[in-house]
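In what follows, chain A forms one complex with chain B and a second complex with chain C.
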Partner chain A sequence: MVDLLNMSYDTQIPNNVGLSADKKVLKALEKWHPGYINWWNDLIPEKFQKSMIYLRTAVSVDPKGWAKFDYVKMPEYRWGILLAPGVEDRLIPCGEHKGEPAWQEVPGEYRNLLKPLIVIQGDTEPASVEQQRFLGMTAPSLYDMRNLFQVNVEEGRHLWAMVYLLQKYFGRDGREEADDLLLRSSGSEEAPRLLGAFNEETPDWLSFFMFTYFTDRDGKMQLESLAQSGFDPLSRSCRFMLTEEAHHMFVGETGVGRTIERTCQAMNEAGIADPYDTGKIRDLGVIDLPTIQKKLNLHYTLSLDLFGQEVSTNAANAFNAGIKGRYLEPRIDDDHQLRNDTYRVWGIVDGKLIQHEVPALTEINMRLRDDYTRDAAGGVGRWNRIIEKAGLEFEMKLPHECFNRKIGVFAGHDFDPEGNLLSGAEYEAGLPTWLPTHADGDFIQSLMRPVSEPGQFAGWISPPKVGIDNKPGDFEYAKLHMA
Partner chain B sequence: MTAPTKQHLIDPEICIRCHTCEMTCNLGAITHDDNNVVVDAAKCEFCLDCIPVCPTGSIDEWRVVAQPHSLEEQFGWDELPAPEQVAAGGETATEIEAYDEAMAVLLEEAHKGGGGKPVAPASAAKPAINLYNAGRPAEATVQGSFRLSGEDSDTDLRHIILNFAALPFPVLEGQSIGIITPGTDENGKPHLPRLYSVSSPRDGERPNFNNLSLTVKREPYGVCSNFLCDLKKGDRVQVTGPFGATFLMPDDPQARLLMICTGTGSAPFRAFTMRRLRSGGGHSGPMTLFFGARSPDSLPYFGPLRKVPDNVLKKHLVFSRVPATPKEFVQDRMMAERTEVAGFISDPNTHIYICGLRGMEQGVERAFTGIAQGIGIEWLALRTTMREEGRYHVETY
Partner chain C sequence: MPDMIDFQTDPSRYLHWRVDYDGPIANLYMDVNEEGGLFDGYQLKLNSYDLGVDIELADVVQRMRFEHPQVKVVVMQSGKPGVFCAGANIRMLSGAAHNHKVNFCKFTNETRNAFEAAEQDSGQKYLAAVKGTCAGGGYELALACNHIMLTNDSSSSVSLPEVPLLAVLPGTGGLTRLTDKRKVRRDRADIFSSAEEGVRGQRAVDWRLVDEIVQNSKFDQVVRDRAEQFAAAWDGPDDPVEGIALGPLDRKFAEDGSVSYSLVDVRVDRGGRKATITLRGPDTGPATDMAGFAGQGDQAPMLRLARELDDAILHLRFNETELGLVVIRCQGDPEKLLAHEALLLDTRDHWLANEVLQYWKRVLKRIDVTSRSLVCLVEHGSCFAGVLAELLFAADRSYMMEGEFEGDNRPIASITLSASNFGLFPMGNNLTRLQTRFLGEPGSVDAAKAQIGEAQEAGEAEEFGLVTMILDDIDWDDEIRIFMEERASFSPDAMTGMEANLRFAGPETMETRIFGRLTAWQNWIFTRPNAVGKIGALQCYGTGVRGEFDQERV
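Moving on, here comes the complex of A and B:
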């Protein structure tokens, strides 16, 4: 157990922010830390808390120091506070302060704009751990279990990163916000997490893979935009978080890919060529491709909603103020202030989808969402290559962005995944073929049986091509505590 | 024939195009198109900064090629091409101990006593190989040189610490480095590097100071050992390597290690022990050391070694030249402690390491054969199994 009373913060919390010399933050953190440990201990089943998990820990931000692999009990994980190295003479990259030196302290006039951005980012981190809390029980292998816990501890570290910013730069308000991050809880009636998608439980492993692929990718895009912030400590925090976020993308992309691969393999072994021969395919104990497509439709569209309203004055203000940039801001070829630029977006005119030009400044969210869609499409292409290689005829597709939307211009309209506007009856009739049904969920749930022999995998998923940290196939990624 | 070169590649089937490597590379050696992320062979200097940041492992691909694959070629790949056969030994890139042919031959010779092709422990970390060669050596500064042997001893044993400052030089316990003696040999050619086993753990003699230590014995007329032993603090040394991809320790903390050495053959075992101590020694599987020397004052690290707690490392220190005491060699002590040794060899969690002068091999083999026989095990068959499972390792010279 972590010895909270005799904690040497400089040795037990890897940090590059001079923690031990910063008495004020240290005091705030010392008060906050026990609550965090309680949160973690209440959340993760005890059996796993006592197990030795082969995890990666960041102990410094240089390439040699940030990925130390070793067995660790999760409550003893060394959650650190690490900021990417500062860029000398960094300038604010966008908005009306473009070209001025980046802020090292919170600019007073933007305090109220900046704090919610950090709080929302911070709120999603523990939320996803809460959503995934029961998955350890049904892990299809020790390898996957280890990946789940790696994602979890890193979300925990990302929470630390945001808490540090709140406590260091936002005084008493910030400390209260930091405490509230531990009070809210995913799916709670009285104190839910701030964003809708983070209050849904992650019921099974395919959902987890889809979540890490699609929803964590929204996180990645948000971090990319915050990494462009003129508020330098936020920029540096997010830049370092992005290196870890890449692991989450990896878990999602390969998880879905391995599920598809196993299905194709089982179909070929059984001589089934028709991907829609659902009953027979499910009898093989694998998830049929159309159901995987339905899960994709669901998670992709839920994640699109996370980008908020297409037209957003908040986003415009944040960009203008220079506290949040765009994806790969320095590589965009414009004035980085968007004084006269326009951006092409979808709208609905007389019940028809129409693309039209609008001022780019109010369409910051939209642009990020488009960047997101392009980024998400890459992995879908690689999944299709697996199907193609297996010689089967089926293509995974991202649905049209108007399908199944609850936020933005498409909300309240019934579109099919191709983008055709439908009547209510047509939509209801098509729904079971586009989105997962209860029966689909039950079927997937029936496959979720834990496998805990090293090197063994549940029948619905293929082993990975490469082990974590180059470990061999039968490496024991988790030494389970047997009570 | 063109000399084969090492090329760093990314496996397009495994890469998820997160571009983290590209953002990390300070040399701009990594680039991408719509299809693939690739490494430019002309720019990559094997600094390995991109390896830990890759979430997938796709970036840890190394091929020995006659002609480096161009960027265009790599952009077009859906999967990696099959590895080319390497001239020496015909092994594929995954098991190469050194890319320098001379160094590879030296290591092959040193590992001969294992009785077959050496295999790395299954849970060993992946070593970096041959980042520096004689044509492009790394420069280290001597941070200290300390005499290990007693003042009256006629043996000059030294603990030498080399610092690489900002230069990346990642080593794993059990790996060796090449030391280049300045000047030329009697034929007017530059001296070939001599191999020395690293005696510090992977995070350095002092953690995170990017240094390592060697354990060197001054040999009469030994060109390189005399050069090393004469070095003063602040002197510069040309270094090649790291070398060795099989004589490595298992990362599995439950693995039990039986280590047998003489003299400076203790270097890798000092590294193993320090690694275990630094990564929470009390929780790992037991280690036992049989260590032979002439006398206590010629046994490297005699003092510090005795301070290592027994629950981390059990020590059998054996001396062959102590006045008024019968000669004792490591094999004698192994026979005397046959119950303990038998416990090790009958446990599938055991890894055996032998390191020291070639002459020790025979006696140790005899001891193993006898002890195995006593518990109804045929030693040669067991040895083969253990070697093939990466659990039996010999490095003698």
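Moving on, here comes the complex of A and C:
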């Protein structure tokens, strides 16, 4: 009997999907497994592979106690396959099959629509680990290092989750796609990752925090909409991934927050009130708020591009087919089929930004992006409260969605972060104040010095309010291997 | 919507293509301007194309031959990252009237055939360098190239998703070239053509869908190497060289729709639903040699006549869709015309002579597949000789004047065959028009051949089977009038179907299969509700709602 709540360890691969009884998939996964371990070992610097890291491992899908914390060497991490418990008599929540029983197998007619969704989701998971591979070397504390690796191993597990779906439900094609997920790699000249934003290196820790805040949140929105899928195994898989994803965004939000907090504190100690007194603030060894805003502008806009074209036939097809829903689909008050609904979007007409109503079905991406923006605004408000509390005058803001876009209707037009259309020259002139410059990057890089004493933190970032797993401030989150 | 679709363009007006010339190699970049669609209501995203994009491509291909004869290899590639070409624009197709779709497909087929044949005809080899998505019509572009290279980046692929996505066919040669040209096994072709998803990497080579896959980081280099290698393998004469410029045509449109060129005149009779094309033969003798011909450049009569006739045919096809009957006449001195042709025939190994003759071959093929009733009138003073005599055999019928006509002092009508009628201008079925005409009596071809250079008046022309009917002064006007009135009364659809079936007797070739079988099936599907009905797949594409199919097999 398959224990849906608890992991079974009767195969090499911990799972709650009855793998030991599913010889075909087990064989495929076991064949894939060595490639995955190689990928991991080649990726993460050896020093860290041999270190003991205090990580949580998913051992169950019981919401009350799904994870267990302990020291583990990362290559021995138990990447497993976990699906959230099935909902009894679950129905397809949207599209033309709305109300029909959810599919437990891939419907033949939607195989071609479904597979790329899983492949693209699967492709982003290892990509972010690749992007972040060198950050361990400059971790501002053992606490942060542990968080980085926690995010990394869980992204690795998310890859497993997608590979399982490909191998179990998509036959030979699926197995080939699973192999290709290890073949592509971030920034590679030979076989880059599928989405542009996942081919950029994450060069420093502030970028990492911004990435986990903004880009993992795109991941969250994608998972949320796939969790609404009428293809039940995908839905259950994504629902469980979401529980892990929350921690990634927590790492991002608190990381940026702690950076801001430390900057405000240093400014107050030095008696600097003007946030734009950049030189003096940087001399304190902290990152000035305008530069943090620039990083925010960059990562937010890159993440908006991940939502794709505003008008999307693929997204419409997927929604109508019932294989991808919207964010919190069941809570939306409409027919969930969008037969006649419209949706309000920004467009450019004669060089002016205007809002207009278009068929909602082709604007699924757009709606998800709007939901994303609302979701992303929350943390920004909390960052501003830190600044406020420090008594400084500065406000972090999400730029207008038309700023710095490479995909969609705004691509190819020059807007400032307020949403004003600019001439090329005006745009060039404003750019150094809106997006990080090389000099900004060099400055941040100069602060990236590793700190590996338990309880100690680099000078540009504050300690967290509470420890992971309620551990005390001087807890040794990583026992580093000393060669 | 433009008032008129114009097939004349030049590089200074291109919106969608650019060419970098590098000695024997030309790099041809497809970089479609999203906002540059020929009609309103769609954007040409992802290097998708409409007729306007294809008109430019046809112009590129034509100029490559005449203006850049030194080019041996043309590397067709995308100017956009991540996509080679996404095929014909779907919103354009779903918004287009049936006749536009059909004409569009025909023209794009002709253009693909033209660059596919460029290797054999002109020593210009087309190489497709595919990076990114290469879907539907995009893959059909690559299929018509002589060599396909695909980057191996684990995402670039080739695909023909028309069937699953749009419920139509890859109708621009796609299905036919898969099986006939690339000789893809039919069960694999079946899988490939019914999958939305593309084939990439080694399987694309194993299935013969591409000629080679290339390591992604080395792609540009390997493509360059391959192009140089192909260019170096050229073993024809090295004479060219410099090309000749193709200037704008001398062309005027009249109020009533008539068009006059320097040597071609198109009279439009809307009431009679007919157009009369009159070709004028040269007034003077030819240049003494090809150097002299090249000196005349695009003004050389044999080239001018071909260009003008080509443009006239395209104009009628797209802009005058209700003129069901095209009457072809000519006037001029047959001997002068033959002298002009003789210069080309005698110096066929000169690149320009070859190009002009190859161009005539293409123009004549274009006429063969023009879905209008074609009739030639061989009047007194006409010059149906050599290449122009081919028009008689391309037409559905021909009528010739016999004997003196009252008040007509033009030279008595005659027809003169030349060597060019016996092999230089094959039809799509790879036979000459005379071979096709005399499929059941091959002896008649030989008999006609024995008459090369002899001016045949009506009696002989009838005896040798060169014309449909000869008519004297008494009968001419009435018979011609009755024929035309009768023709105008028939159903245009039935005429198109009947003519297309009767024109291509004899063996099937890839070309006849594309224009016949594939096109006919596609055009049938283009009228079926499953594709174009209100809830057909083509209409529903992009809305997110699926098409609903009538499940009856027809």
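One rule holds for everything that comes next: the second predicted complex is superposed on the first by the 470 of 483 C-alpha atoms of A that agree within 3 Å, B and C clash if a C-alpha of one lies under 4 Å from a C-alpha of the other, contacts with A are read in each partner's own complex, and residues count from 1 in each chain.
The criterion applied here is as follows: a residue touches a chain if its C-beta (ideal position, glycine included) is under 8 Å from a C-beta of that chain, and two chains touch if they have at least 3 such contacts.
Because the structure is predicted, anything quoted here is derived from the model rather than measured.
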item	value
Contacts of A:Thr254 with chain B and chain C, given as first, second, both or neither	first
Touching partner for A:Asp89 - first (chain B), second (chain C), both, neither	neither
Partner chain in contact with A:Asp350 - chain B first, chain C second, else both or neither	neither
Touching partner for A:Pro192 - first (chain B), second (chain C), both, neither	second
Which superposed partner A:Pro472 touches (first chain B, second chain C, both, neither)	first
Superposition-derived comparison: chain B or chain C, residues of chain A touched	B
Chain B partner contacts - residues on chain A that touch it in the complex	52, 60, 63-67, 69-71, 242-243, 246-247, 249-250, 253-254, 378-379, 382, 385, 465-472, 474-476, 479
In the complex, chain C residues that touch chain A	152-155, 164, 195-197, 215-217, 541-546
Contacting residues of chain A [partner chain C, same complex]	96, 112-113, 115-116, 173, 180, 183-184, 189-192, 194, 313, 315-317, 319-321, 338, 359, 361-362, 364
List of chain B residues in touch with chain A within their complex	11, 13-14, 16-18, 20, 24, 48-53, 55-58, 60, 78, 122-123, 125-126, 168, 170, 208, 251-254, 279
